[in-house]
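Pasting a structure below so you can have a look.
Every chain is named by a letter (A, B and C) in the order it is written, and numbering of its residues begins at 1.
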(Lines give C-alpha, C1' and ligand atoms only; values in the text may rest on other atoms or scores of the structure.)
Protein backbone atom coordinates (compact mmCIF):
# COMPACT_ATOMS: atom_id res chain seq x y z
CA UNK A 1 0.00 0.00 0.00
CA UNK A 2 2.70 2.45 1.06
CA UNK A 3 4.72 1.37 -1.98
CA UNK A 4 1.81 2.11 -4.32
CA UNK A 5 1.39 5.64 -2.99
CA UNK A 6 5.17 6.08 -3.40
CA UNK A 7 4.99 4.87 -7.02
CA UNK A 8 2.07 7.12 -7.98
CA UNK A 9 3.65 10.21 -6.43
CA UNK A 10 6.90 9.56 -8.29
CA UNK A 11 5.01 8.94 -11.53
CA UNK A 12 3.10 12.20 -11.32
CA UNK A 13 6.22 14.24 -10.66
CA UNK A 14 8.09 12.70 -13.58
CA UNK A 15 5.06 13.07 -15.86
CA UNK A 16 4.94 16.81 -15.25
CA UNK A 17 8.66 17.12 -15.92
CA UNK A 18 8.31 15.06 -19.13
CA UNK A 19 5.42 17.15 -20.43
CA UNK A 20 7.32 20.39 -19.73
CA UNK A 21 10.38 18.98 -21.51
CA UNK A 22 8.21 18.16 -24.55
CA UNK A 23 6.70 21.64 -24.55
CA UNK A 24 10.17 23.18 -24.58
CA UNK A 25 10.80 21.33 -27.89
CA UNK A 26 7.51 22.62 -29.31
CA UNK A 27 5.88 19.22 -29.41
CA UNK A 28 2.07 19.11 -29.65
CA UNK A 29 -0.36 17.73 -27.05
CA UNK A 30 0.29 14.15 -28.13
CA UNK A 31 4.06 14.58 -27.86
CA UNK A 32 3.58 16.13 -24.43
CA UNK A 33 1.37 13.24 -23.31
CA UNK A 34 3.77 10.60 -24.68
CA UNK A 35 6.79 12.23 -23.04
CA UNK A 36 4.82 12.60 -19.80
CA UNK A 37 3.84 8.92 -19.94
CA UNK A 38 7.31 7.67 -20.86
CA UNK A 39 9.20 9.87 -18.40
CA UNK A 40 6.81 8.76 -15.68
CA UNK A 41 6.52 5.08 -16.54
CA UNK A 42 9.55 4.28 -18.77
CA UNK A 43 11.66 3.07 -15.86
CA UNK A 44 8.92 0.77 -14.59
CA UNK A 45 8.21 -0.39 -18.13
CA UNK A 46 11.80 -1.49 -18.80
CA UNK A 47 11.92 -3.13 -15.37
CA UNK A 48 8.71 -5.06 -16.19
CA UNK A 49 10.11 -6.25 -19.52
CA UNK A 50 13.43 -7.29 -17.94
CA UNK A 51 11.90 -9.27 -15.08
CA UNK A 52 8.99 -10.69 -17.05
CA UNK A 53 6.08 -8.76 -15.46
CA UNK A 54 4.06 -8.94 -18.70
CA UNK A 55 1.76 -7.20 -19.62
CA UNK A 56 3.21 -4.27 -17.64
CA UNK A 57 1.07 -2.44 -15.09
CA UNK A 58 0.53 0.58 -17.35
CA UNK A 59 -1.48 -1.63 -19.76
CA UNK A 60 -3.65 -3.19 -17.06
CA UNK A 61 -4.13 -0.35 -14.55
CA UNK A 62 -5.69 2.82 -16.05
CA UNK A 63 -4.22 4.89 -13.22
CA UNK A 64 -0.94 5.52 -15.07
CA UNK A 65 -2.60 6.92 -18.18
CA UNK A 66 -4.72 9.09 -15.90
CA UNK A 67 -1.68 10.36 -14.04
CA UNK A 68 0.11 11.13 -17.34
CA UNK A 69 -2.95 13.01 -18.58
CA UNK A 70 -3.10 14.99 -15.33
CA UNK A 71 0.62 15.74 -15.55
CA UNK A 72 0.18 17.00 -19.12
CA UNK A 73 -2.67 19.28 -18.07
CA UNK A 74 -0.65 20.67 -15.17
CA UNK A 75 2.27 21.32 -17.53
CA UNK A 76 -0.04 23.05 -20.02
CA UNK A 77 -1.64 25.17 -17.35
CA UNK A 78 1.58 26.03 -15.60
CA UNK A 79 3.77 26.70 -18.61
CA UNK A 80 3.37 30.47 -18.40
CA UNK A 81 4.85 30.30 -14.94
CA UNK A 82 7.67 28.09 -16.19
CA UNK A 83 10.48 30.25 -14.79
CA UNK A 84 8.89 30.19 -11.37
CA UNK A 85 8.01 26.50 -11.75
CA UNK A 86 11.57 25.59 -12.55
CA UNK A 87 12.65 25.35 -8.95
CA UNK A 88 9.49 23.42 -8.06
CA UNK A 89 10.16 20.94 -10.85
CA UNK A 90 13.76 20.37 -9.71
CA UNK A 91 12.55 19.62 -6.21
CA UNK A 92 9.78 17.34 -7.45
CA UNK A 93 12.24 15.61 -9.74
CA UNK A 94 14.51 14.86 -6.79
CA UNK A 95 11.54 13.25 -5.01
CA UNK A 96 10.69 11.17 -8.09
CA UNK A 97 14.27 9.92 -8.19
CA UNK A 98 14.10 8.81 -4.57
CA UNK A 99 10.64 7.28 -4.76
CA UNK A 100 11.37 5.25 -7.90
CA UNK A 101 14.70 3.90 -6.65
CA UNK A 102 12.88 2.56 -3.59
CA UNK A 103 9.93 1.00 -5.42
CA UNK A 104 12.14 -0.43 -8.18
CA UNK A 105 14.39 -2.15 -5.67
CA UNK A 106 11.50 -3.58 -3.64
CA UNK A 107 9.88 -5.03 -6.77
CA UNK A 108 13.19 -6.56 -7.92
CA UNK A 109 13.68 -8.06 -4.46
CA UNK A 110 10.19 -9.57 -4.62
CA UNK A 111 11.34 -11.35 -7.80
CA UNK A 112 14.22 -12.98 -5.91
CA UNK A 113 17.01 -11.23 -7.78
CA UNK A 114 20.47 -10.83 -6.19
CA UNK A 115 21.24 -7.58 -4.32
CA UNK A 116 23.45 -5.98 -6.99
CA UNK A 117 20.75 -6.70 -9.57
CA UNK A 118 18.10 -5.07 -7.33
CA UNK A 119 20.35 -2.04 -6.98
CA UNK A 120 20.72 -1.88 -10.78
CA UNK A 121 16.94 -2.18 -11.25
CA UNK A 122 16.43 0.60 -8.69
CA UNK A 123 18.73 2.88 -10.68
CA UNK A 124 17.06 1.82 -13.96
CA UNK A 125 13.57 2.46 -12.53
CA UNK A 126 14.61 5.93 -11.41
CA UNK A 127 16.56 7.05 -14.46
CA UNK A 128 15.36 5.23 -17.58
CA UNK A 129 12.24 7.37 -18.00
CA UNK A 130 14.36 10.51 -18.13
CA UNK A 131 16.77 8.82 -20.52
CA UNK A 132 13.92 7.98 -22.91
CA UNK A 133 12.63 11.57 -22.59
CA UNK A 134 16.01 12.94 -23.65
CA UNK A 135 16.48 10.47 -26.54
CA UNK A 136 13.05 11.47 -27.90
CA UNK A 137 14.01 15.14 -27.54
CA UNK A 138 17.10 14.29 -29.61
CA UNK A 139 19.59 15.09 -26.84
CA UNK A 140 22.33 13.19 -25.03
CA UNK A 141 20.58 11.92 -21.88
CA UNK A 142 21.18 14.15 -18.86
CA UNK A 143 21.63 11.15 -16.57
CA UNK A 144 24.71 10.11 -18.57
CA UNK A 145 26.28 13.57 -18.27
CA UNK A 146 25.44 14.59 -14.70
CA UNK A 147 26.69 11.79 -12.49
CA UNK A 148 24.92 13.14 -9.42
CA UNK A 149 21.62 11.47 -10.45
CA UNK A 150 23.00 7.96 -10.51
CA UNK A 151 25.30 8.59 -7.57
CA UNK A 152 22.34 9.66 -5.43
CA UNK A 153 20.36 6.55 -6.42
CA UNK A 154 23.28 4.22 -5.74
CA UNK A 155 24.07 5.70 -2.30
CA UNK A 156 20.39 5.56 -1.35
CA UNK A 157 20.08 2.03 -2.70
CA UNK A 158 23.09 0.82 -0.71
CA UNK A 159 21.58 2.42 2.41
CA UNK A 160 18.31 0.56 1.77
CA UNK A 161 20.18 -2.76 1.48
CA UNK A 162 22.05 -1.97 4.71
CA UNK A 163 18.86 -1.15 6.62
CA UNK A 164 17.29 -4.37 5.30
CA UNK A 165 20.21 -6.33 6.76
CA UNK A 166 19.64 -4.62 10.11
CA UNK A 167 15.97 -5.60 9.93
CA UNK A 168 14.57 -2.07 10.25
CA UNK A 169 10.86 -1.37 9.94
CA UNK A 170 9.57 -1.04 6.33
CA UNK A 171 8.20 2.48 6.70
CA UNK A 172 11.51 3.68 8.13
CA UNK A 173 13.54 2.03 5.36
CA UNK A 174 11.42 3.55 2.60
CA UNK A 175 11.41 6.97 4.22
CA UNK A 176 15.10 7.14 5.07
CA UNK A 177 16.20 5.89 1.63
CA UNK A 178 14.02 8.42 -0.17
CA UNK A 179 15.24 11.16 2.16
CA UNK A 180 18.90 10.31 1.47
CA UNK A 181 18.42 10.44 -2.31
CA UNK A 182 16.33 13.63 -2.22
CA UNK A 183 18.85 15.32 0.09
CA UNK A 184 21.83 14.47 -2.13
CA UNK A 185 20.00 15.76 -5.22
CA UNK A 186 18.83 18.95 -3.51
CA UNK A 187 22.30 19.65 -2.10
CA UNK A 188 23.70 19.14 -5.60
CA UNK A 189 21.22 21.68 -6.98
CA UNK A 190 21.84 24.10 -4.09
CA UNK A 191 25.60 24.05 -4.52
CA UNK A 192 25.42 23.65 -8.28
CA UNK A 193 27.42 20.43 -8.33
CA UNK A 194 26.71 19.35 -11.88
CA UNK A 195 23.42 21.16 -11.62
CA UNK A 196 20.80 20.44 -14.25
CA UNK A 197 18.61 23.53 -13.84
CA UNK B 1 -7.21 -14.13 -42.66
CA UNK B 2 -8.49 -10.65 -43.50
CA UNK B 3 -6.41 -9.34 -40.59
CA UNK B 4 -3.23 -10.96 -41.97
CA UNK B 5 -3.68 -9.34 -45.38
CA UNK B 6 -4.25 -6.01 -43.58
CA UNK B 7 -1.04 -6.49 -41.57
CA UNK B 8 1.11 -7.37 -44.58
CA UNK B 9 -0.17 -4.45 -46.65
CA UNK B 10 0.54 -2.04 -43.82
CA UNK B 11 4.00 -3.55 -43.30
CA UNK B 12 4.96 -3.15 -46.95
CA UNK B 13 3.88 0.48 -47.08
CA UNK B 14 5.79 1.37 -43.93
CA UNK B 15 8.87 -0.58 -45.13
CA UNK B 16 9.05 1.49 -48.31
CA UNK B 17 8.71 4.71 -46.32
CA UNK B 18 11.41 3.56 -43.89
CA UNK B 19 13.85 2.64 -46.67
CA UNK B 20 13.30 5.99 -48.38
CA UNK B 21 13.85 7.80 -45.09
CA UNK B 22 17.15 5.93 -44.64
CA UNK B 23 18.26 6.78 -48.16
CA UNK B 24 17.62 10.45 -47.49
CA UNK B 25 20.20 10.23 -44.67
CA UNK B 26 22.72 8.53 -46.98
CA UNK B 27 22.59 5.22 -45.18
CA UNK B 28 23.85 2.15 -47.06
CA UNK B 29 21.82 -0.88 -48.13
CA UNK B 30 21.96 -2.37 -44.63
CA UNK B 31 20.75 0.85 -43.02
CA UNK B 32 17.92 1.01 -45.58
CA UNK B 33 16.93 -2.59 -44.87
CA UNK B 34 17.04 -2.09 -41.09
CA UNK B 35 14.97 1.10 -41.25
CA UNK B 36 12.53 -0.61 -43.63
CA UNK B 37 12.22 -3.56 -41.24
CA UNK B 38 11.89 -1.43 -38.11
CA UNK B 39 9.47 1.10 -39.59
CA UNK B 40 7.36 -1.76 -40.88
CA UNK B 41 7.53 -4.08 -37.89
CA UNK B 42 8.65 -1.91 -34.94
CA UNK B 43 5.09 -1.27 -33.79
CA UNK B 44 4.20 -4.96 -33.86
CA UNK B 45 7.52 -5.81 -32.21
CA UNK B 46 6.94 -3.54 -29.22
CA UNK B 47 3.35 -4.81 -28.95
CA UNK B 48 4.64 -8.41 -28.91
CA UNK B 49 7.17 -7.62 -26.18
CA UNK B 50 4.55 -5.77 -24.08
CA UNK B 51 1.90 -8.50 -24.26
CA UNK B 52 4.29 -11.45 -24.11
CA UNK B 53 3.99 -12.78 -27.67
CA UNK B 54 7.55 -14.13 -27.60
CA UNK B 55 9.39 -14.84 -29.90
CA UNK B 56 7.70 -12.16 -32.04
CA UNK B 57 6.25 -13.05 -35.42
CA UNK B 58 9.10 -11.44 -37.35
CA UNK B 59 11.49 -14.08 -35.94
CA UNK B 60 9.26 -17.04 -36.76
CA UNK B 61 7.58 -16.01 -40.02
CA UNK B 62 10.04 -15.20 -42.87
CA UNK B 63 7.37 -13.13 -44.58
CA UNK B 64 8.31 -9.94 -42.72
CA UNK B 65 11.97 -10.07 -43.71
CA UNK B 66 10.84 -10.72 -47.27
CA UNK B 67 8.49 -7.74 -47.21
CA UNK B 68 11.24 -5.51 -45.79
CA UNK B 69 13.63 -6.69 -48.52
CA UNK B 70 10.99 -6.01 -51.18
CA UNK B 71 10.33 -2.57 -49.70
CA UNK B 72 14.05 -1.77 -49.77
CA UNK B 73 14.29 -2.81 -53.43
CA UNK B 74 11.26 -0.69 -54.35
CA UNK B 75 12.81 2.28 -52.53
CA UNK B 76 16.15 1.74 -54.33
CA UNK B 77 14.47 1.42 -57.72
CA UNK B 78 12.09 4.33 -57.18
CA UNK B 79 14.46 6.80 -55.59
CA UNK B 80 15.09 8.69 -58.82
CA UNK B 81 11.39 9.38 -59.01
CA UNK B 82 11.34 10.46 -55.37
CA UNK B 83 9.66 13.81 -56.00
CA UNK B 84 6.87 12.14 -57.89
CA UNK B 85 6.75 9.29 -55.36
CA UNK B 86 6.36 11.67 -52.46
CA UNK B 87 2.62 11.99 -52.85
CA UNK B 88 2.28 8.22 -53.31
CA UNK B 89 4.25 7.61 -50.13
CA UNK B 90 2.07 10.02 -48.12
CA UNK B 91 -1.04 8.21 -49.27
CA UNK B 92 0.47 4.78 -48.59
CA UNK B 93 1.59 5.99 -45.19
CA UNK B 94 -1.97 7.01 -44.34
CA UNK B 95 -3.12 3.50 -45.24
CA UNK B 96 -0.39 1.94 -43.08
CA UNK B 97 -1.52 4.04 -40.17
CA UNK B 98 -5.12 2.85 -40.54
CA UNK B 99 -4.26 -0.81 -41.15
CA UNK B 100 -1.90 -1.07 -38.15
CA UNK B 101 -4.27 0.64 -35.71
CA UNK B 102 -6.90 -1.95 -36.60
CA UNK B 103 -4.66 -5.04 -36.41
CA UNK B 104 -2.95 -3.80 -33.24
CA UNK B 105 -6.28 -3.32 -31.48
CA UNK B 106 -7.65 -6.69 -32.56
CA UNK B 107 -4.53 -8.50 -31.30
CA UNK B 108 -4.66 -6.65 -27.98
CA UNK B 109 -8.37 -7.53 -27.62
CA UNK B 110 -7.54 -11.21 -28.28
CA UNK B 111 -5.21 -11.01 -25.27
CA UNK B 112 -8.10 -9.88 -23.06
CA UNK B 113 -6.78 -6.40 -22.31
CA UNK B 114 -9.17 -3.57 -21.28
CA UNK B 115 -10.48 -1.24 -23.98
CA UNK B 116 -8.26 1.76 -23.21
CA UNK B 117 -5.24 -0.52 -23.26
CA UNK B 118 -6.30 -1.92 -26.66
CA UNK B 119 -6.66 1.63 -27.93
CA UNK B 120 -3.16 2.45 -26.65
CA UNK B 121 -1.73 -0.67 -28.30
CA UNK B 122 -3.45 0.28 -31.54
CA UNK B 123 -1.77 3.68 -31.47
CA UNK B 124 1.58 2.08 -30.50
CA UNK B 125 1.30 -0.47 -33.32
CA UNK B 126 0.64 2.30 -35.83
CA UNK B 127 3.19 4.86 -34.69
CA UNK B 128 6.12 3.16 -32.91
CA UNK B 129 7.79 1.99 -36.14
CA UNK B 130 7.94 5.55 -37.42
CA UNK B 131 9.18 6.75 -34.04
CA UNK B 132 12.06 4.24 -34.16
CA UNK B 133 12.81 5.31 -37.74
CA UNK B 134 13.15 8.94 -36.65
CA UNK B 135 15.26 8.16 -33.56
CA UNK B 136 17.68 6.17 -35.75
CA UNK B 137 17.78 9.08 -38.20
CA UNK B 138 18.72 11.27 -35.23
CA UNK B 139 15.57 13.41 -35.40
CA UNK B 140 12.76 14.27 -33.02
CA UNK B 141 10.01 11.78 -33.96
CA UNK B 142 7.44 13.24 -36.35
CA UNK B 143 4.58 11.56 -34.50
CA UNK B 144 5.40 13.63 -31.39
CA UNK B 145 5.36 16.89 -33.34
CA UNK B 146 2.41 16.43 -35.73
CA UNK B 147 -0.56 15.52 -33.58
CA UNK B 148 -2.70 14.57 -36.53
CA UNK B 149 -1.11 11.08 -36.69
CA UNK B 150 -2.12 10.09 -33.19
CA UNK B 151 -5.43 11.96 -33.37
CA UNK B 152 -6.42 10.01 -36.49
CA UNK B 153 -5.53 6.69 -34.81
CA UNK B 154 -7.42 7.56 -31.64
CA UNK B 155 -10.60 8.68 -33.45
CA UNK B 156 -10.51 5.56 -35.64
CA UNK B 157 -9.84 3.36 -32.62
CA UNK B 158 -12.77 4.82 -30.69
CA UNK B 159 -14.99 4.21 -33.73
CA UNK B 160 -13.84 0.58 -33.82
CA UNK B 161 -14.71 0.13 -30.15
CA UNK B 162 -18.12 1.73 -30.79
CA UNK B 163 -18.89 -0.55 -33.76
CA UNK B 164 -17.83 -3.55 -31.65
CA UNK B 165 -20.39 -2.56 -29.03
CA UNK B 166 -23.06 -2.34 -31.73
CA UNK B 167 -22.08 -5.84 -32.89
CA UNK B 168 -21.29 -4.90 -36.49
CA UNK B 169 -19.84 -7.39 -38.95
CA UNK B 170 -16.03 -7.84 -38.75
CA UNK B 171 -15.32 -6.87 -42.37
CA UNK B 172 -17.34 -3.68 -41.96
CA UNK B 173 -15.62 -2.74 -38.69
CA UNK B 174 -12.13 -3.22 -40.15
CA UNK B 175 -13.00 -1.39 -43.34
CA UNK B 176 -14.78 1.58 -41.74
CA UNK B 177 -12.09 2.09 -39.09
CA UNK B 178 -9.30 2.05 -41.67
CA UNK B 179 -11.30 4.39 -43.87
CA UNK B 180 -11.82 6.89 -41.04
CA UNK B 181 -8.11 7.01 -40.20
CA UNK B 182 -7.01 7.23 -43.84
CA UNK B 183 -9.55 9.98 -44.54
CA UNK B 184 -8.44 12.10 -41.58
CA UNK B 185 -4.79 11.74 -42.59
CA UNK B 186 -5.45 12.52 -46.25
CA UNK B 187 -7.59 15.54 -45.38
CA UNK B 188 -4.79 16.74 -43.12
CA UNK B 189 -2.33 16.42 -45.99
CA UNK B 190 -4.74 18.05 -48.46
CA UNK B 191 -5.37 21.05 -46.27
CA UNK B 192 -1.85 21.06 -44.85
CA UNK B 193 -2.96 20.72 -41.25
CA UNK B 194 0.35 19.88 -39.66
CA UNK B 195 1.35 18.28 -42.93
CA UNK B 196 4.43 16.06 -42.94
CA UNK B 197 5.19 16.06 -46.65
CA UNK C 1 32.20 -23.53 -21.98
CA UNK C 2 34.01 -22.39 -25.12
CA UNK C 3 30.95 -20.27 -25.93
CA UNK C 4 31.08 -18.56 -22.52
CA UNK C 5 34.72 -17.58 -22.95
CA UNK C 6 33.82 -16.27 -26.43
CA UNK C 7 30.96 -14.21 -24.97
CA UNK C 8 33.04 -12.68 -22.18
CA UNK C 9 35.89 -11.75 -24.50
CA UNK C 10 33.50 -10.05 -26.90
CA UNK C 11 31.77 -8.25 -24.02
CA UNK C 12 35.03 -6.86 -22.65
CA UNK C 13 36.14 -5.55 -26.01
CA UNK C 14 32.83 -3.82 -26.67
CA UNK C 15 32.72 -2.42 -23.12
CA UNK C 16 36.07 -0.68 -23.63
CA UNK C 17 34.92 0.73 -26.95
CA UNK C 18 31.65 1.94 -25.38
CA UNK C 19 33.42 3.64 -22.46
CA UNK C 20 35.84 5.39 -24.83
CA UNK C 21 32.93 6.54 -26.99
CA UNK C 22 31.24 8.00 -23.90
CA UNK C 23 34.42 9.79 -22.85
CA UNK C 24 34.67 11.38 -26.27
CA UNK C 25 31.27 13.00 -25.62
CA UNK C 26 32.43 14.23 -22.20
CA UNK C 27 30.12 11.97 -20.26
CA UNK C 28 30.96 11.35 -16.59
CA UNK C 29 31.93 8.04 -14.98
CA UNK C 30 28.32 6.88 -14.85
CA UNK C 31 27.76 7.66 -18.53
CA UNK C 32 30.97 5.79 -19.35
CA UNK C 33 29.87 2.79 -17.31
CA UNK C 34 26.37 2.75 -18.83
CA UNK C 35 27.72 3.03 -22.38
CA UNK C 36 30.29 0.33 -21.60
CA UNK C 37 27.56 -1.94 -20.23
CA UNK C 38 25.11 -1.29 -23.07
CA UNK C 39 27.67 -1.53 -25.88
CA UNK C 40 28.91 -4.78 -24.39
CA UNK C 41 25.60 -6.35 -23.42
CA UNK C 42 22.93 -4.50 -25.46
CA UNK C 43 22.95 -7.08 -28.24
CA UNK C 44 22.56 -9.97 -25.81
CA UNK C 45 19.92 -8.02 -23.89
CA UNK C 46 17.70 -7.46 -26.93
CA UNK C 47 18.19 -11.10 -27.95
CA UNK C 48 17.11 -12.22 -24.46
CA UNK C 49 13.99 -10.06 -24.58
CA UNK C 50 13.09 -11.28 -28.10
CA UNK C 51 13.47 -14.99 -27.35
CA UNK C 52 12.09 -14.85 -23.82
CA UNK C 53 15.28 -15.49 -21.79
CA UNK C 54 13.95 -13.46 -18.86
CA UNK C 55 15.47 -12.16 -16.60
CA UNK C 56 18.48 -11.68 -18.91
CA UNK C 57 21.89 -13.00 -17.91
CA UNK C 58 23.22 -9.55 -17.01
CA UNK C 59 20.72 -9.37 -14.12
CA UNK C 60 21.53 -12.82 -12.76
CA UNK C 61 25.27 -13.18 -13.43
CA UNK C 62 27.42 -10.44 -11.83
CA UNK C 63 30.19 -11.12 -14.34
CA UNK C 64 28.79 -8.69 -16.89
CA UNK C 65 28.69 -5.75 -14.50
CA UNK C 66 32.22 -6.65 -13.48
CA UNK C 67 33.40 -6.76 -17.09
CA UNK C 68 31.75 -3.38 -17.80
CA UNK C 69 33.42 -1.89 -14.71
CA UNK C 70 36.79 -3.28 -15.84
CA UNK C 71 36.24 -1.94 -19.35
CA UNK C 72 35.44 1.51 -17.94
CA UNK C 73 38.61 1.49 -15.83
CA UNK C 74 40.72 0.43 -18.81
CA UNK C 75 39.17 3.23 -20.87
CA UNK C 76 39.83 5.77 -18.09
CA UNK C 77 43.42 4.62 -17.67
CA UNK C 78 44.14 4.39 -21.37
CA UNK C 79 42.45 7.57 -22.52
CA UNK C 80 45.70 9.56 -22.61
CA UNK C 81 47.04 7.05 -25.07
CA UNK C 82 43.85 7.24 -27.08
CA UNK C 83 45.54 8.00 -30.41
CA UNK C 84 47.78 4.96 -30.00
CA UNK C 85 44.87 2.91 -28.66
CA UNK C 86 42.72 3.69 -31.66
CA UNK C 87 44.19 0.94 -33.80
CA UNK C 88 43.96 -1.51 -30.91
CA UNK C 89 40.30 -0.66 -30.39
CA UNK C 90 39.48 -1.18 -34.08
CA UNK C 91 41.08 -4.61 -33.99
CA UNK C 92 39.36 -5.53 -30.71
CA UNK C 93 36.08 -4.29 -32.13
CA UNK C 94 36.45 -6.59 -35.12
CA UNK C 95 36.95 -9.52 -32.73
CA UNK C 96 33.86 -8.51 -30.71
CA UNK C 97 31.83 -8.48 -33.89
CA UNK C 98 32.93 -12.00 -34.79
CA UNK C 99 32.58 -13.44 -31.28
CA UNK C 100 29.05 -12.04 -30.75
CA UNK C 101 27.74 -13.18 -34.13
CA UNK C 102 28.81 -16.71 -33.25
CA UNK C 103 27.40 -16.80 -29.71
CA UNK C 104 24.18 -15.04 -30.76
CA UNK C 105 23.53 -17.61 -33.49
CA UNK C 106 24.26 -20.58 -31.24
CA UNK C 107 21.88 -19.32 -28.56
CA UNK C 108 19.15 -18.69 -31.14
CA UNK C 109 19.66 -22.19 -32.55
CA UNK C 110 19.34 -23.64 -29.04
CA UNK C 111 15.90 -22.01 -28.91
CA UNK C 112 14.83 -23.87 -32.03
CA UNK C 113 14.43 -20.84 -34.28
CA UNK C 114 14.67 -21.17 -38.09
CA UNK C 115 18.05 -20.55 -39.75
CA UNK C 116 17.28 -17.08 -41.15
CA UNK C 117 16.05 -16.02 -37.73
CA UNK C 118 19.27 -17.32 -36.13
CA UNK C 119 21.26 -15.35 -38.68
CA UNK C 120 19.25 -12.22 -37.84
CA UNK C 121 19.79 -12.75 -34.11
CA UNK C 122 23.52 -13.20 -34.76
CA UNK C 123 23.65 -9.85 -36.52
CA UNK C 124 21.48 -8.24 -33.79
CA UNK C 125 23.72 -9.66 -31.04
CA UNK C 126 26.81 -8.28 -32.77
CA UNK C 127 25.52 -4.86 -33.75
CA UNK C 128 22.71 -3.73 -31.42
CA UNK C 129 25.06 -2.74 -28.58
CA UNK C 130 26.92 -0.35 -30.88
CA UNK C 131 23.62 0.97 -32.21
CA UNK C 132 22.44 1.79 -28.66
CA UNK C 133 25.82 3.41 -27.95
CA UNK C 134 25.41 5.72 -30.95
CA UNK C 135 21.77 6.60 -30.19
CA UNK C 136 22.76 7.58 -26.64
CA UNK C 137 25.62 9.67 -28.07
CA UNK C 138 22.99 11.38 -30.23
CA UNK C 139 24.45 10.17 -33.55
CA UNK C 140 23.15 8.17 -36.49
CA UNK C 141 24.31 4.60 -35.71
CA UNK C 142 27.55 3.68 -37.47
CA UNK C 143 26.27 0.21 -38.29
CA UNK C 144 23.52 1.76 -40.45
CA UNK C 145 25.99 3.89 -42.40
CA UNK C 146 28.96 1.53 -42.87
CA UNK C 147 27.58 -1.61 -44.43
CA UNK C 148 30.78 -3.55 -43.90
CA UNK C 149 29.81 -4.36 -40.28
CA UNK C 150 26.60 -6.13 -41.16
CA UNK C 151 28.06 -7.62 -44.34
CA UNK C 152 30.88 -9.22 -42.36
CA UNK C 153 28.42 -10.69 -39.83
CA UNK C 154 26.13 -12.03 -42.53
CA UNK C 155 28.93 -13.68 -44.54
CA UNK C 156 30.35 -15.22 -41.37
CA UNK C 157 26.91 -16.34 -40.25
CA UNK C 158 26.19 -18.02 -43.57
CA UNK C 159 29.55 -19.80 -43.33
CA UNK C 160 28.61 -21.04 -39.85
CA UNK C 161 25.31 -22.42 -41.14
CA UNK C 162 27.15 -24.13 -44.01
CA UNK C 163 29.72 -25.74 -41.70
CA UNK C 164 26.88 -26.91 -39.45
CA UNK C 165 25.29 -28.66 -42.43
CA UNK C 166 28.63 -30.36 -43.17
CA UNK C 167 28.75 -31.51 -39.55
CA UNK C 168 32.10 -29.92 -38.72
CA UNK C 169 33.53 -29.99 -35.21
CA UNK C 170 32.20 -27.23 -32.87
CA UNK C 171 35.59 -25.69 -32.09
CA UNK C 172 36.41 -25.46 -35.79
CA UNK C 173 33.03 -23.89 -36.66
CA UNK C 174 33.33 -21.23 -33.94
CA UNK C 175 36.93 -20.48 -34.83
CA UNK C 176 36.51 -20.32 -38.59
CA UNK C 177 33.36 -18.16 -38.39
CA UNK C 178 35.01 -15.68 -36.04
CA UNK C 179 38.10 -15.64 -38.24
CA UNK C 180 36.06 -14.88 -41.37
CA UNK C 181 34.26 -11.95 -39.74
CA UNK C 182 37.43 -10.55 -38.15
CA UNK C 183 39.33 -10.85 -41.44
CA UNK C 184 36.64 -9.04 -43.45
CA UNK C 185 36.50 -6.23 -40.87
CA UNK C 186 40.29 -5.89 -40.68
CA UNK C 187 40.65 -5.90 -44.47
CA UNK C 188 37.98 -3.20 -44.63
CA UNK C 189 39.95 -1.10 -42.14
CA UNK C 190 43.26 -1.80 -43.89
CA UNK C 191 41.98 -0.76 -47.29
CA UNK C 192 39.66 1.89 -45.88
CA UNK C 193 36.52 0.40 -47.38
CA UNK C 194 33.95 2.41 -45.45
CA UNK C 195 36.42 2.63 -42.62
CA UNK C 196 35.15 3.77 -39.24
CA UNK C 197 38.41 4.79 -37.61
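What we mean here is this: contacts are C-beta pairs under 8 Å (C-beta built on N, C-alpha and C of every residue); 3 or more make two chains touch, one makes a residue touch a chain.
Bear in mind the structure is a predicted one, so any value in this text is a computation, not a measurement.
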item	value
Numbering shared by both copies at the chain B-chain A contact, with half separating same from different	different
Rotation, 0 to 180 degrees and nearest 5, that superposes chain B on copy chain C via CA atoms	120
Chain A and chain B, separation of their C-alpha mean positions in angstrom	31
Residue numbers of chain B (touch at least two other chains)	49, 135, 138
Residues of chain A that touch chain B when the two form their complex	22, 25-31, 34-35, 49, 54-56, 59-60, 62, 65, 135-138
Residues of chain A that touch chain C when the two form their complex	49-52, 111, 113-114, 116-117, 120-121, 131, 135, 138-141, 143-147, 149-151, 194
